[in-house]
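The chains carry the letters A, B, C, D and E, assigned in the order they are written, with residues numbered from 1 in each.
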Amino acid sequence: MTEPKDFVAGVGSDIRKSQKRVLFVTRRTSAQVKVSDEEQVQTFPEGLLRIALAIEILAIALVLISLFFNAPLEGIADPTNTPNPAKAPWYFLGLQEMLHYFPPVVAGVLIPTVLVVALVVIPYFNVNIEADGLFLKNRRRRLSIFYVAALGFSLFLWFFDVYVALVPTLIVAAFMLIAAFSSPHSSSRSRRYLASKPVSWWVMTWFLFELIVLTIVGTFFRGPGWSWVLPWRG
Amino acid sequence: MPDGKGGYFERLERTRVWRSVFRSGTGSSTLHRALAIQQNLFLHLFSTKVRRRMLGFRATWYLGALTLGTFFILVITGILLMLYYHPSVPQAYADVKDLKFVVSSGMFLRNLHRWSAHAMVLLVFAHMFRVFYRGAYRPPREFNWVIGVILLLITLLLSYTGYLLPWDQLAFWAITVGSNISSAVPVFGDKARFLMLGGHQVNANALLRFYVLHCVILPLAAVLFVAVHMWRIRKDGGLYVRQSEPARESEPQPEVPATDNKEVLVGKR
Amino acid sequence: MSENKSTPPITEQEISRRAFFNKLGMGSLGVAAVGTLGFTYRFLSPNVLYEASPIVNAGKPEGYPIDSVTLDVNSAIYLVHLEEGFLSLNAICTHLGCMTAWKPELGIIACPCHGSKFSREGQKLAGPAPKPLPWLKTWLSDDGDIMVDRSTTIRPFEFLRI
Amino acid sequence: MSRILWLSGALALTLAAGCTRHTASAPALHATATGSAIVESSGGKQLGTPGAMLPQPLVVQVNDAQGNAVTGALVEFRGAEGVTFDPAASLSDSSGQVSTNVTLGAPPGRYEVTAASNDKAGKGFVLKVTELAAGYQQQLGFELQDQYCARCHDPESSPQRVSNYDNLAVKPHAFTEGETLNNFSDADLIAIISHGGPALNRSALMPPYGVTLSRSEVQALISYIRLVSDPPWRITGVVYAKQ
Amino acid sequence: MKSMKARLISFSRALVRDPIRTFGMVSFLLLVALAIAPAKDHFSEWRHYQQQYLRLIHDRGDAVTLQRHFQGGIRQIWLPDLGVVDRCQSCHTGLDEASLVDVSTQPFRRHPPIPHRLDEFGCVVCHRGQGAATTVAEAHHSTLAREEPLLPARYIEASCGQCHHVALPGTPKLNEGRELLARYGCVRCHSIKLPDSSTMTATDQPPPLTHIGDKTSREWIYAWLKDPASYAASATMPNFQLSDADARDISAFLIANSEPLPADIVPVAATKSSSAPDPAAGSSLYGESFCASCHAVQNAAGNLVGGDLGPELTRVGSKVKPEWLQAWLRDPRTYDSHTLMPRYRWTEPQLTLMNAYVQSKTDPDLMANVHLDPATSEQIAHGKALVTEYGCAVCHEIRGIQKPENFAPELSRIGSKPLAQLVFISGMQQTLPDYIAAKIHRPRAFGTALRMPQYTFSAEQVDALTTALLSYTDRSFTLPTRLQIPSPSIATYQPAGHAGKLMTELNCFACHRINGRGGDMAPDLTWEGTAVQRQWLDDFLKNPNTLRPALIRRMPKFNLSDSDRAVLTDYFMTVYQTADIDRDSMPLSGYSTALVEQGRQLFYSKYSCQSCHMVNAAQDKGYIGPPLTQVGSRLTAPWIFHWLKNPQALRPGTIEPNQNMSDEDAGALTAFLMAQKTSPTREAKR
C-alpha cells in the first residue's frame, strides 16, 4: 500500500472527559455534509429512563386490561360446526373483506403480495427521495397519470361492488385533487401541506385509510353469511 | 442517585463480587454512563449518547420501544404459559381451561399474553406508519425499513400461529379461514397450505406445527431481526432526525449518515 | 424540549427529592421482581393433579388366600396375607427405586437391580437397600374391599385383621 | 379485590332492583271478601318428582265462620326455596275455591306449602299442606312397594288392583302411619322387611323379602316409608346402603 | 383559576421535566397493578364458599368429623375414560356428608342417595354444566365456551338414560317418555339410533289405508282428519291442523286411491240380520269375549274403560261399514296382516250379533256437519300431493305412495344439540329443554309452514317426552362400552308349524311373552309346558274362565276346535319346557298323609301362605296369588317345588317372596298343594 491514504482520521482529545467517535470520511462522500450541532444527552440514564417509563406505562395499561377483561375462549374446536360468521384474526379481516369481493387469487395473493413488495421498495423508489410534492414537477403528465389511475381504480372497485374500498379511494382522490390545484405557497396551511406531499405519501395514506376502513368493517359490520350488520343493533 | 456512603446498596455496590459483574459502576461521570451502555451486552446496541430532541414523545411516540416492551412481556408470559400447555388435541383446550380455572393467576397470564399480542400487532403497524410519515425510511435507513417490514410479517405470523393454540372454535375457524387464503395462490398455494398445516385440514398436525412456529422458530427469528433492526439504527446514525422543513423546501439536500458526534472531520478530496 | 432553558440551580432539597423518587422507583421494581418470583412460584405449583388416586381398591379379602403375597404392578404395592392379618408394602426398592419382585420359591422379595432382599414383612435381609420396604396404610372399606393408601406409611407390624 | 367488586356490583343490583320494583310488580289483586279459614279440597300429599310440577293442582277452599264458601277472598301461596306456584295468589271463585299448580324444588323430600289469607280484621290465617318430592331412592321405593307391598299395606282397592287388606287377620300398617312406623328404627324396618314379621315378634303374615330384595332395595323402601310417613319422620343422617 | 386543560398540561410538563419523579411514581403504580393479580386470584369464589362451609360446620355437633373430612383447595374428580374433569366439590363441599341431611342451602347440600358413587361418574355426566369451571356462572350456565347449562332437576332422569337404554325402576318419567316415543310413533318420522347401533322402533299400529274405502266413508275420514280427538279421545293420530279444503282433498284422494277388497272377503251386500239383534245378548258376548281387555269404551262419566291395545270403540258404529266389520270380525288378518286382533272363531249368528252390538256404538254428532261434494280430479291430485307432503305414508300403507325415508330430523343426539343451532321463538326461555318441550307442546308455534302435527299430550307427557329426548346425547355415544347398558334386543321368535300359525292367528304374543317376544299383560309362557299338566291346559283353552275370576283383563275364549286345541296343547307340552327342571321327577299324586299334613301346617302357620292364597275357598281369603284350590290338577309337582324354592328364578318380578325354604319344607308344601285336586263333583258340574 504505497498510495496515499484515502482518508484522514481524527480523534477527540480528552477521552476521559467526553468520549468521541471516529468517523472515516471517504472520498466518495459528499463534502457538503452539514450536521447541525445538536444538544445530546447520555443514553444512560436519560434515554433508558424514558424508555423504561414508556414500557412501564404500557405494562400498567396491559396489566389493568388483563385484570378486568378476559381473553375470549369459546367452545372446543368442532370441525362439524361452523360458526357464522367464521372470522380470521382482526388484522386479517381487511383481507377477508377483500376476499368477499374478489376472486381468491386477487384478494388472497395479488393484493398482499403487492402490499409487501410495495412496502419493501418504498425506500428504494426514486420519487421518495426527492420528497417533492406530487404535482410540483411534470404536473401535466402526473396529473393525467393520476386521473387514469384514480378512474381505473374506482371503476375496478365499482365493477366488483367494493363500495367499502371505493369510498376511501374516492376520498383520498378528492384530497389529491385538492393538492393538485393547490400551490405550495398557498395561504391556507392545509393546502400548503397537501401540496407538498409526494406520491409515496399519497399511496401510503390511501393504504392506511383502506386498511382501517376494511378492518373496522370486517370486525364490526359483518354478521352471519358475511352480511352487513350494524354492531349497535343486537 | 447515591447519597452518602452508608446505604446497604451502596455498600453492596462496592463489593468485589458486584464490581466483577457490573464493571461500569454507577459513577455520575459521563464516562461511567457511557461505559454502562457500552459494557452491557444488551444495552450496547444503543449509542452512548442520544439527541435530546429524540427523547421527546412527539419524535417517535416511543413506538419502537413499546413494541419491544410488548415483545418482552409476550416472551415472559409465553414461557410461563408453555409450562401448562400440551400441543395436542383435545388436551390443548383442556389446558387452556385449566389455566382459566385452576392454575393460580393462569387466567391473568393468558389475558396478558393475549392482549399484549394484540397490542404488539397494533404497535408494529403504528410504528411503521409513524416511521413512514416522519420519512425515517429514507436512505440510508432503507434497509432497516425492509427489516421492519420483515418484522411486521413475523409479528403477524406470531400472532396468527398463536391464535390456533387454545384450540377453541374461534381459533379453529380463524385459522381455517386464514389458511384457506393461502391455498388461493396458484401453483404452490395448496402445497404451502399443506406444508403449513401438515395436512389438508386443521388438525393435530397443524396444532403442533403452529406450536413449534409460535414458540421456537418465529420468536428466534424475531429476536434475530430485532437485534439487526436495533443495530442498524445505530449504524444508520441513530434515531432519525428530521431537518427543519423550510431548509429542505428551498434547497433539497441529500442526507448522509448523521452521527451522534459533535465533530465531523471532513476528508480531503 | 429542544429550546434552551436555563436549568434551575440544583438545591440540596432537590437532590434528596430525586433520591427519594429514585429509591421509590427502584424499590417498587425490586419489590415487584420479588413478588413476581412468588407469583411465579404460585403459578408453577399445580392446584390439581392428573394422577391416579393414591388410594387403591385392592378388592375383596377373599381374593387373597392366607400366606399369599400379591404384587399389583400398576399401583406398585404388595398385598400380603399372613396369619396375623393383611399388610401392604410399597413395592419400590428403597435403594434406587427399582420395582421389586416376589420370589415364591425362596419366600423373599428381591430387587432385580442391585440384589436387595426383603422378607414378606418388608424387613431387609440382604443387599444395599438402606431401609425396609415401608408399610402402607390399609383398611377395609364400607363395601368390604381392602383399601390401600400409597401415600401414607404406617409403623411396621400393624396388621389389618378381618 | 374481587370481593369489593362483588360488593359494589351487589349494591348496584340492589339499587337497580329497588328502582324497578314499582314498575315490575304484577297487577295487585284486591280481595272483595274475607273468610276465616282455609280448608284443603284436593292436591295435598302428592308424590311428585323434584323440580317438576305436581300432577294435580292444589285446590283449597276459603270458608267463613259458618263454614260456607267465600267468593273473592285473596289467597296467597308460599313455599320453601325453589317451590313455585302458578298462580302464586288469586281470588277464590264462586265455590270459594282457589287452584294453583305447584312446582317443587330440586332436592327430594317434604315440602310444606302454605295457603294464606286474611280475615275481616286483617288477621292472617293459613292452611299448611305437605307435598312430597321423591328422589331416585324414594322413587325406587315407591315402585317396589307398589309391586310387592301395596296389595296388603294399602287398604284402598282400585279396579286394577284389589286390596288384600280386609282379608288379613292382623292388619298391616299403611306406610303413612307415622305414629307407629316412626317408632321403628331403620334397623328394625330392615329386619322386618328382610326376615318377615316374626323377626320382631310380629305377625307371620308379613313374609320375608330379604332374599327377594337386595339390601339397597330394602333401603329404598325404607326411604320411601320415611318420606310419606305422617307425622313426618324426624330427620337423622340417612345412610345409603351401597350396592 | 386554572382551567383543567392548563392544569393537565402543566402536570404533564412536570412529569416530563422530572423523569425521576415520574419513574418513581409509575414504578409504584406498576407494583400496585401487578399486586392486584394474585389478590384477585386469592379472593376466588370457591375459596369464599369453602370459608362459608367451614363456618357452617363450626357449630355443629359433628364438627370434628366434618372438619376431618374437609379438604381445602380445588377438589377434582378425574375420569379419563369418560372425559370428565369435575371440580364441583370445590364449592359443593358437603356432597357426600351423610350427616348434612338437614342442610338445605346450596352449595352445601348433601347429595340425595343414588346407586352410583360420586368418584365413579363425577357430577357433569348427570347434571351437565361445565365441571372444569370453578366459578358459579361458568359451571352452571351456558356460556360462549360451553353451551350446556345445568340440567334442571325435573329432567334429571334423562341423564340415567344416557347409559341405561332399558327401563329402570327409579326413572318413571324417562320410561314413560321412551314409551310415548314408541307408542305415538314419534320414531317413525324422527329416527333415533342408539349407541348399540340399534334403532328405536314404534309400537303403534297405524292401519293400512290400501282398502280404506271398504272400511269407512269419506265423511268419516274428513271428520277424523280435521280432529282425530273428536272421534276418539285416546287417538294416537295427531291433528295436522288441516284446512277444510285440505281435509276434503285428502279424503277424496284416499277414497279414490282405495283398492276394493275381493268380494269373497267383503260381500257387497250388507249382512244385517233381518230381526233386530238383542242388545243384551250382544253385550254379554262382548263381555265374555273379553273385548274390553284390549278395547276401551267411554262410559257415561267420560272415562275410558278397557284396555288400550286396540282402538277405542266409543263411536265405532259411525266409522266402519257393517259388511266390512262382519268380515273383520270373521278374520281380521285378511284385511290387515299385522293386526293384534285375534281371530275369534265365532259362529255366523255370533258374528252378526257382535257386529250389530259394535255398530250400535255411534255418535250422530260426529259427522253431522260434514257435507262433501263428489271429488274432482284436481282435488284428488291435490290430496295426493298433500299426502306426500305431510308424510302420511311414513305411518300408513298407502297404495302408490312410497314410504319416505328420513322424513323428519334424526333425534339420536338431540340432547346435545348446541343452542347455536336452535331457532327460538320470542318469549321463550332459551334453553334446550324448553325448546324441546315447546316443540312437542305446540310445534306449529315455530312456524305455520312446519309439518310437525299437533299432538294432545298432557303437561306431564310433554315433560316425560322431553326427559326421554334429552337422554339421547353425544355422551351416550362416546361412553366406554363397559358402561353402555343396551336396550333389550327385539325378539323375533316365531313358533313353527300349525301351532305357530294358530298362535299367530290368536295373537298370543299380544299378551303373553314367550322366549322374550310378546306383551306383558299375561303370564310368560316360555316354560308353561313344565309348569302345568296337560289336561288342565286343554281344559283352560276350552274354557279360560277358571283362573283368577276377579281380574278384568282376562284371556278370551277363542272357540277353538278340539283338533286345534290338541295341536296347541301338544306344542306347549313338548316345546315350552325348561331344561332346569325335570318335569317327571316328582309324582303328581300319592304323597303320604303325614307329609301332606306337615305341608298344611307349614302353609297355615310357618309361611302363612293363606294371607295371599286360598286353598280352602270357604275359609281362606287371600287373593293376591292365584287360588290354589285345584292347584294339584293344574301344576306339576317339580314346578311347585322349584317355585317355592325360588319364585323369581322361574318368573322374574313375581310378588311372592323367596322364603329361603329348606328342601324339606318345600317338599312338604308341594305334597300338600298337590293334594288340592279338582273334585269330581265340581268337574261334573262344569
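To be clear about the criterion, a residue touches a chain if its C-beta (ideal position, glycine included) is under 8 Å from a C-beta of that chain, and two chains touch if they have at least 3 such contacts.
All of these numbers come straight from a predicted model, not from anything done at the bench.
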Practice problem: Write down the chain pair with more C-beta contact pairs when C-E is set against B-E. | Solution: C-E
Quiz item: Whose C-alpha centre lies nearest the centre of all protein C-alpha atoms?
Solution: E
Quiz item: Taking each chain's centre as the mean of its CA atoms, which one is farthest from the centre of subunit A?
Solution: D
Quiz item: Taking each chain's centre as the mean of its CA atoms, how far is subunit A from subunit D in angstrom?
Solution: 74
Quiz item: Cα centroid separation between subunit D and subunit E, in whole Å?
Solution: 26
Self-check item: Cα-centroid distance, subunit A relative to subunit B, in whole angstrom
Solution: 18
Quiz item: How many Å are there between the centre of subunit B and the centre of subunit C, using C-alpha atoms for each centre?
Solution: 42
Exercise. Identify all positions of subunit C at which a residue touches two or more other chains, and write them in rising order.
Key: 1-2, 18, 22, 39, 42, 47-48
Self-check item: Sites on subunit A at which at least two other chains make contact
Solution: 39, 46, 50, 59, 63, 66-67, 72-75, 81, 83
Practice problem: Any chance you could list the residues of subunit B touching two or more other chains? | Solution: 52-53, 55, 97-98, 102, 104-105, 108, 168
Exercise. Give every residue of subunit B touching subunit A within the complex, in rising order.
Key: 30-31, 33-34, 36-37, 43, 46-53, 55, 62, 65-66, 68-70, 72-73, 89-90, 93, 96-97, 100, 107-108, 110-116, 118-119, 121, 125, 128-129, 132-133, 135, 137-139, 141-143, 145-146, 149, 152-153, 156, 159-160, 163, 166-174, 176-178, 180-186, 189, 201-202, 241, 243, 248-249, 252-254, 256, 258-269
Quiz item: Which subunit E residues qualify as touching subunit A in the complex?
Solution: 19-20, 22-23, 26-27, 29-30, 33-34, 36-37, 40, 144-147, 418, 420-421
Quiz item: In the complex of these two chains, what residues of subunit E are touching subunit D?
Solution: 36, 39-40, 43-44, 48, 98-99, 101-102, 104, 109, 112-115, 117, 152-157, 169-173, 459-460, 463, 550, 552, 605-608, 611-612, 621-624, 647-648, 653, 655, 657-660
Quiz item: For subunit C, which residues are in contact with subunit E within the complex?
Solution: 1, 17-18, 20-29, 31-32, 35-36, 38-39, 42, 47-48, 50, 53
Quiz item: For subunit A, which residues are in contact with subunit E within the complex?
Solution: 46, 49-50, 52-53, 56-57, 59-60, 63-64, 66-67, 72-75, 81, 83
